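Each remark here refers to the structure printed beneath this line.
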């Protein structure tokens, strides 16, 4: 099926494999009149790039984003924006031994079972590189959100249970053992207007959940207090309302900024759990495509932990959902529609 | 926006408020030839009904499901199946005092902010009653899944941190205090074929996440080991493959039956965290629609804990996602398409 | 597949067969705050009803529309509006002889081939009765369009090549011969703002074409000069622009109010060709479900010509497309979005 | 809104302007296992290219299609296929005088009104060049359809009312006068299985109508006898069924291969009316973006008639609709689903 598009009015369509000539994204439905140039992509794309430190891969792509369509004289025109990112630092031969073996923790077996054919080079379509296209699209979404006063703070809060700042030795030890470690990312969004999202299937948290869970290696999502609500009482978990000037606000934010599928105006708080990188160099039991039990040790260039580079992907997907929800919300009231067209 | 439909090929559209004459669902895209009668709905609908015990509301709807279209001589015809559930036990006058106050933990403020108008009787569209329509649709999905050998086990695993079997006193105490408590539901699906779901945005877990998070009061979703992966190493979290006869299988199931967005053939395991019922009778701070600080104590008939009645809703939404994914998967290979049409 | 929904933001989902207990439509995404009561449906529903004259069937349904959800105190709330229309005047036994024969010009053969099962009573889902649900939905769309100054004029322009006013004898003669006749409907929409519709696949005329061609028995659609453009030169067909006060307008309207997929602000003109009613009482060659050549003469209650009752269906589907396009257009410019949220 | 995607399971997303660096299309949902290389695109792309004769523009793009993703070792993998076509022969300076004037018969006024900004070079997104991307996508659809025995014959049947073969002098005369002429294209599809398409909004002809009407300059679509049915009687228009061996067939094909929204197994016949090229060199009245009446004579390189180059675009869009409908049809029967998964 067509599974590479996301969003309704602001819709992105990504394409590309890890080891093809390029990957990219078509951003369709972007409102016209936004200033946009290729330099705008650098800060977020750089957050996704390996930083050369102990926590990241040695593969290092420039990840320059080329704008092929959708802008004119430095502004978006309302037509689809095609963004291209070239692959330049592939080592395809690293993957030759993966052609006939299913890596544990990876999509390999699923791909072969579903499609009967598999581009095994670097994970193909399931590579983390696919997220470069998401981040590029997220840049555009965030630029618009900024004009609406919506801002993001996205941090790695835990690596293997250790606070990010204290996790360096832990990661180094994992890597030395040929192993990898899990991580947690928290994304906090401020300035979101209240009343955004829909009450039933298109709840704001439902769309965020799909967006976040569509990122490879995510295994859990918590909104606000998340899983902790199981042990709470209603009197603890409910957020009291008080007036702040003319605006109702929640005094606490256990709900993570969303009630009944709609934003409260408070901070939206998402907690995302990433599994350990499945590519590890220590030996693992697995099976071959020919149906034989075998073992595998995965060499090549892999991050030992996913969260640090994936944090910006969480932010990008969040931005895409929030923007689409804001655009979809505009005709919610008849008075808004009549005012728009009769003005 | 149109936010009351879910699914692509097998698509449901729910409608109805808590205190209107009826609610219902249109199930469109159901394959033709399925035996279906009104009695088929009873078992699952009964699981959603209050059982009269300490854990449930006193409101008791028969929840009989009427089939208005889409079947002929006891079988589905491929046309939309319209299901109607009448509301018969409303106490609308219980809600008169809610017209001008926003209940903490509820969608009231969101509704007023978004739409400028709100059906305040019993939560209106955001009432738990809306889930009756989901369950009715889930019955149809499960009937088809059964023919494919896919089965469900859905249980309440925790209430307020206590195992379900030991939680009776805890719930009673909460209720006596005018309070409510959180709960956790685990849904396990067996027999799902491998390779179902798509590699990028239409990942099986992404669609499950949207489906589950669209259920009111859900604040977290864990797939497989879920949040626990943060503290795991790759060597612990990866599930080794071994051949079971001709079929590759994972020896463990940390991944919860989904890798890279596609099913592994192992059990799919979803852990769902429900917040405490927000309607509590003890006094809470809130604001009025007129913008004044005030207090509210919510009387009326409310479940003190959501999980026991919502477990079947989790199962229904899961079934709907799985069936839709199975149907969407059929043309994944060209050889399947040519075989289908050239046979 | 799920094929009974239409629209993106303003989306309708119809259900129901000719000879079931009822049919209906769920109208989702209707802006909140529209006055709506059951009487509002009468005028358009009456235009679709047989008038008892020579041009219409003897089956006569009251077609009262019941509102089951989505309004509160006489206004829409933004939640799905479920509309129910009961079937009360069925003569199912008229159709017993159709169980095993495919009627020429009908969907019978397609249904059996596709689904392997068929509700043969009165055409089942393919009955003209399905359009009652479309008209009910169109009432809501038109009510909103009226508030935006968009108005409709829909007329039968031809029956069997004769002007509508002069066709009475022709229709009577067809009927006497056990035959039926074709017809043409023209729908003209005034007051549509300019710039509505999208430049590529979501062209306004593309969506209108889908909507109109989805009405049973339609075999051609012309926009503006339509098929006549084949014989025209560019200098004849192009509509010159001139200023009318501050507003550019086309001096002529060969284009039928749409250029490049977007409205010009001029009248939108759709010309719709309906085939003759396929149910005729004279004998026809056909085949049985058992694969035998046979003959059939279709008795029962049928309109001898489709256009007079279908004109309002054309109008309803047009209204639904135009409203959806207007709602989708609101976030086209960044300045509209920032103004909406920063106001 | 996002208006550059078309299709449900087999979905294309086009992007690109006439005078940007490139244009392209992402083909998502293509079944895995199809042989595909860049040479496969040449024949259909060449049919769309100007042939250097009297009927076509002097702009001549190589229209080589580059495959950037979605294939591996010469076969499709089920992942999105990104196709790139570079623009190499632009004369952007030809269009400088169009920056401030709305060309009659073009989308210019619509673009400015909708978006407040317009890429005026060569029509920008509304250029006929956009159709190169559609044809590239159509190549893939047709390759699959060929494996199912579905074949196409698409011809220009009329130019300005003259048969194509006799129209040379007419076109030359139009051109000499600084004028252009209309044209008609007929696309006939053979080998389509019966029962494809859905009975209500997703009728096969409804989706074809949207697809065809989304091609620039199309003003009318006739299915089968099309507009002529208005003058026909039911006894003439109905196609009798007779058995052909084991298969019911229509003896005639007035219906154009579609009844009740589903294919009959007979030839699908679409008649498409193209308006004259709106870009003409003789002087026309129009208005400027500043709101002044003015005149314009459009120079540059334009086809004097659209049909000859657009015929392959009609065929491509038809192929895309038919393939998507075939894929969507696979799960129509429960027995097909159970056979697929239980085999």
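As written, the chain order gives the labels A, B, C and D, with residue 1 at the start of each chain.
We take it that a residue touches a chain if its C-beta (ideal position, glycine included) is under 8 Å from a C-beta of that chain, and two chains touch if they have at least 3 such contacts.
What you see is a predicted model; the values in this text were computed from it and never measured.
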item	value
Maximum centroid distance from chain B, chain identifier (CA atoms)	D
Higher-contact pair (C-beta pairs counted), B-C versus C-D	C-D
Whole-Å separation of chain centres (CA-atom averages), chain B against chain C	36
Inter-centroid spacing, chain C versus chain A (mean Cα positions, whole Å)	42
Whole-Å gap separating chain C and chain D, where each centre is the average of the chain's CA atoms	25
Shared interface positions of chain A, touching two or more other chains	1, 3-5, 8-9, 14, 32-33, 78-79, 111, 114-116, 125, 199, 328, 331-333, 335
Chain A-facing residues of chain D, complex	1-5, 7-11, 13-17, 20-24, 26, 28-29, 32-33, 68-70, 72, 75, 77-82, 111, 114-119, 124-125
Residues of chain D defined as touching chain C within the complex	1, 3-6, 8, 14, 102, 104-116, 125-126, 130, 158, 160-161, 174, 177, 179-184, 194-203, 205-214, 216, 218-227, 229-243, 246, 248, 250-251, 255-256, 259-265, 273-280, 282, 284-287, 291-293, 328-329, 331-333, 335
Of all residues in chain B, those that touch chain D in their complex	8-9, 31-34, 76, 78-79, 144, 147-149, 193, 199, 326-328, 330-338, 340-342
